[in-house]
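See the structures that follow.
One chain, chain A, appears in both complexes that follow, with chain B as partner in the first and chain C in the second.
Moving on to the complex of A and B:
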């Protein structure tokens, strides 16, 4: 076979992607109007979003490689990180896991700003017990946008930036197993976010993140944003999951045995299994919903032989593993960071790994606890009650391992350590309140109330986001080359910790006092508590602004670069220089020690890096 | 057994922690016992739910206090005092402690599950959390009274949800429809919850009832009011634009004689309409939409 010298000559970057996406959207709308069965434009809008996404990905450059292979042209070398230096690489398709990590980080922080402003508008509306500040229609649109945007973010906020950046560094690999899949798992996220935000032009969608039909079939064109955006996040979860699993299984450096694997990598490993297996269920449920809305199928229409229970089961079969997709990497972060600042080995490493797998396994058997009062067969309830309560055993193991590591430690109180301790407190409340919801008799009162809303904010924001902050203060010096200000960090922690608890703890009480979730108007007796929560929420937002300020200030305005290993940590990612070389390691390192062997006499350094100079820790 | 050999260095910490834990837990348990738990005691079922809530809180208190205490204690006593970095003792784990932790959490969880299942299978709560919803077509034409599970004259009330209000249909009284729910005290009630359009959830807070209203499904809940007084009804499943306004605070549990007076008045008001509507259907489509069998 003769390889032609011809190659695609078009430039590929973010701009070309956007330029292609816009006409593609209108082409899709036009096609939908031409051939759609309904006259309500749903077909056109869905086709428009899909074509725009495909065109965007093509414009960014995803089609170059397959086309070049297909036609036998010379393959454009976009895989070489050395040729791809400069600020421009962040706006192009890059196959360097470090670039993708930074792209993910910035994208997700921007999305977080959007979701956070949504939360502030929701809380502002609840300053008054009737819907006078925000009309009811705008209020439920806000609920939908805030919730789904936050679900997009939390699905990827740890695996995206930190998983992509750190996993190869932690396992001694020079790249990911499937860099194109990895890049795809990032590049579908910006279209998903834009498509979701585009729902605003249609007045949003009224269903919150659960998208229950028949309401979601009754809804206007904003619902199409939910379907396509969420399906793109499913694509991100699957591609990221395949890539992470293959990388961790296949690309570990010599000597990186399963028992030397940093526990954060185990967190990514287990969450990737869940993402890979759960997201296709979501995608299929969304496709059926899209077909109901455009092709007049009746999968979820009870009066025509379908059932809304089909959606409820499929959605939660995805939805419950999904919440562990959020939290497993957070568990990994806590167990990863605590040993380095306790200056002790991770206490009960294997037990911790068993805990992660226990949570991952049990997460498949609990989904019907969301349906206790929906009219499911009563004979199913004891099983789902038991399986849900059983999850507290492996979750308790995570606490045991962390507390065991802290026992008689020499705790170095850094900002990441503060966030780890804050995580323990918040997630404890989140976990215990989960038991209340798993118990059928109490769930009758608590289901669908602010109690459950407070519960999942304690686990997701108090848990995952606090772990995210720990990770940010801990690893950003390696990723950006700049230390975040520890003084601002300490203020940020205490501010956020107090504001968070002051915001969400009263919501348990509000829920117990008969306030359902997602309501624009509520019992006037609860106005005092709601105002307290709103004011606290403003403070909470303020703490996030402080974090953003600290990040921007230290990243762009501090000239002093971070040390290669500012925490004197033993683990492998800290042994490479800062900034991390393009190919990570001069040669593939040979792993000779564990990442947490602090205080062990004559402990070997974690790896033989072949003459590369790096700081060593421990010993 | 010698398994739990306590190191000399651990002893003062463990003694101190145990003392603090016992004292704080005792205070905490007394404090949470003083709380009046919702959904209070207007119905038999609600009272059972409130006592389950109390039990859970009593059990959760020592667990919460224990973990928070360990975290705070570590932060205070195990913090580095030197300016230089020093490593702690290289403990890799302690199998007996790990087994004990898992065993204790398993016992707690299984205890909760056993209590939960026992409460669930007791007559009252089993009824309060409902019976299987039946899909349309499976039980068409079945009358409400035939679905009554326990003996005695249960009052049949159909709860019909639609955007954005609830209607109540008293099958035993000629299918009279009202916009407020009145229930007689001390008489078991069988609620048949269904919806005309999308999913709603019938939440009568003080009654201890929450039941999803699904189109084409008859979701059956039982409740026995034991105290007179008013109660609130709200929709607890997001149902579109006016979900927040789908509420009614004028539900009443009244004496049997007051109920008889009230229902008679409702029947008089409803008489002309009642002739035009079917007396009772387990689920309720004003215009049947079923296209094919």
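Moving on to the complex of A and C:
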């Protein structure tokens, strides 16, 4: 069999993807309507979304490789990235991990804006105790869109931009293990976000992010957006997990032993394990839900041999590891950044790694605490209560590692460090309130209230988003070549920290006063607290606008070039020039020292870079 | 600390060794994800069967499809995976590889066609309760994945020419045998559950 030199002649970029996706959607709807078994056009909508996604990916260029293979054409090799490739590279399929990191960052920030506007609309609705501003049906649709969009974002907000950009640099690799998979993990995210947002045209979906049947079985076509969008995020988690893990296992530079691996990379490693194994369970559950809605199977129909508990078990078997998918890389960021600004070695490095793995392992044994109020067998309650409480131990270890690093340190209070300290404060409150909620009696009382909502916002927004901000101020100079304004950064931190706590701490009180979540109307006695929270939420949104303003101001108006190593850090990513060369390193570096050997007399430099200039050292 | 290094005769050899290792690691990781994917379906099987809500796990008059026909599909899948496994373990450029890979491809296509035919002639509808739902979903998910794997196998065959990707990357292509074997093993479990335990 002779291999041909032919090539596909379609220009592959974002525009081609969009142009192909639109007719593909309508073709899918038409086909689904023609052959669908259901009366509600769910088949058409789901088929439309799926075909549109495949067409979009084809337009971007993802089918070239498999088709070249299948047609027996010569396979286009993965080209080395080139220097100064221009801004167009961000709008087409790139296999350069640095470009993919930036693509992720911009996409996620846009999604964050969408989710944030949803939050503002929710809080605006709650300015009055009845549902006069937003009718109950629209309110629950808003809750659903906000929550699922935020789950999409927080699944990828650290691994996507920072994991993809930094992991190869931190382990001394010139590329990722599977660049095509890496790119795919990004390019399914924009269709997922658009499909989810498209639920608005169908009136949204009424289930929140948990998608419980029978409501999800009976909901309108907005629910189809939930199914396909979430399934695409599952694809992103699996492809990203395979790529990240294979990269860390197989592409570490010589001398980059497991005990020299930066702790942030350990955070990415553990979260990738969870994403890789948990997301397929979600995918299966979503296929079952999709089949129920289109082919009239009865997986979740109790009256015909199914059970809604099947969904609850499968969903939370994914859903609880999912919350650690959010937070493990955040732990990694905090433990990574603190030693650099404490100018001390990371206290208890190995213990910290054990803590990360402890959290990852235990996260598989707790999912039924979400079912305490849905009819779980009473005999199972103590086990899941205890397993949930146990998670506080490895989490506490991670806290101790961070606090031990800060102990007697001469802390350099940079903006990233301020966000790390903010993280510790917020996550402590979020974590401790979680221990209360793991207790069966407390959970049964507070599960449906704002107390639970305050708890997870303290962990996700107070935890992960503060860690995200720390990462942004710390690493964006390396990623973009521009320093962010430290003055605006400090104002941003204090503004966001105060506004965040002013928004979410009163929600604990509101929850204890029995205000139910996901309901548009509430007891008029609580109007004062709710108005306080809403005004604080506006301020919190304002702090994010200030962050965006800092990005624009620093990049376009001041444009202060970043030094190669502005923080005098030891870790490997800071030892290469800024902007990072196309192939990362002149030659594969040989690692000879640890990344956190601050203050250690005669500590060796972190790596032999073969004469590459970039580092200003750090000691 | 001494730095362990591996030496190779040429940069190309080093690249092939690295490629082989990465693909092997990636394959095993992917199979980890696959186990969790199918485990969710097996959980659905046992859960709904044990609950038997409204006595509708299997409505009256509904039985498992023909065991013999299911066995034919399973045997075809096993033969496809086995043929590629044996072929991929042959020395580089061996006749055995060139012979067995197309055989595996034909067997893979036959597996998908036979399974597809069975699914159109089940003797029950998907709305007929828990068992029909699980049968359709689990078998459907399996055959879709087997079809995708067969398509990839097809690309291995079409790239077997002198300048093709398969010849340049014979060792990495060997890892693909694990995916076919895994799907065949899933087929065995599915057969036991859906045809024998039911």
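The rule we apply is simple: the second predicted complex is superposed on the first by the 606 of 619 C-alpha atoms of A that agree within 3 Å, B and C clash if a C-alpha of one lies under 4 Å from a C-alpha of the other, contacts with A are read in each partner's own complex, and residues count from 1 in each chain.
To be clear about the criterion, a residue touches a chain if its C-beta (ideal position, glycine included) is under 8 Å from a C-beta of that chain, and two chains touch if they have at least 3 such contacts.
All figures in this text were calculated on a predicted structure; none of them were measured in a lab.
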item	value
Partner chain(s) touched by A:34 [first = chain B, second = chain C, both, neither]	neither
First, second, both or neither for A:307, with chain B first and chain C second	both
Partner touching more residues of chain A, whether chain B or chain C	B
Contacts of A:22 with chain B and chain C, given as first, second, both or neither	neither
Contacts of A:251 with chain B and chain C, given as first, second, both or neither	second
Shared chain A contacts, counted only where both chain B and chain C touch the same residue	302-305, 307, 309
Residues of chain B defined as touching chain A within the complex	9-10, 13, 37-39, 48-49, 52-53, 56, 60, 63-64, 67-68, 70-71, 74-75, 78-80, 82, 85-94, 97-98, 101-102, 105-106, 109, 112-113, 116-117, 119-120, 125-126, 128-133, 135-136, 193, 197-199, 201, 203, 205, 208-212, 214-217, 219, 232, 234-245, 249, 285, 288-292
Chain C residues within the chain A interface of the complex	1, 3-5, 18, 21-22, 25-26, 29-30, 32-34, 36-41, 43-44, 47-48, 51-54, 56-59, 126-127, 129-134, 136-137, 141, 151-152, 154-165
Touching residues on chain A, where the partner in the complex is chain C	1-3, 66, 69-72, 74-75, 177-178, 181, 238, 241-243, 245-246, 249-251, 254-255, 257, 276-281, 283-285, 287-288, 291-292, 295-299, 302-307, 309-310, 313-314, 317, 590-592
Partner chain B, residues of chain A touching it in the complex	131, 136-137, 139-140, 143, 206-208, 210, 212-215, 218-219, 302-305, 307-309, 342-345, 347-351, 372-378, 381-382, 385-386, 389-390, 392-393, 396-397, 399-400, 403-404, 406-413, 421, 424-425, 428-429, 432, 435-436, 439-442, 444-445, 447-449, 512-514, 516-523, 568, 597-601, 618
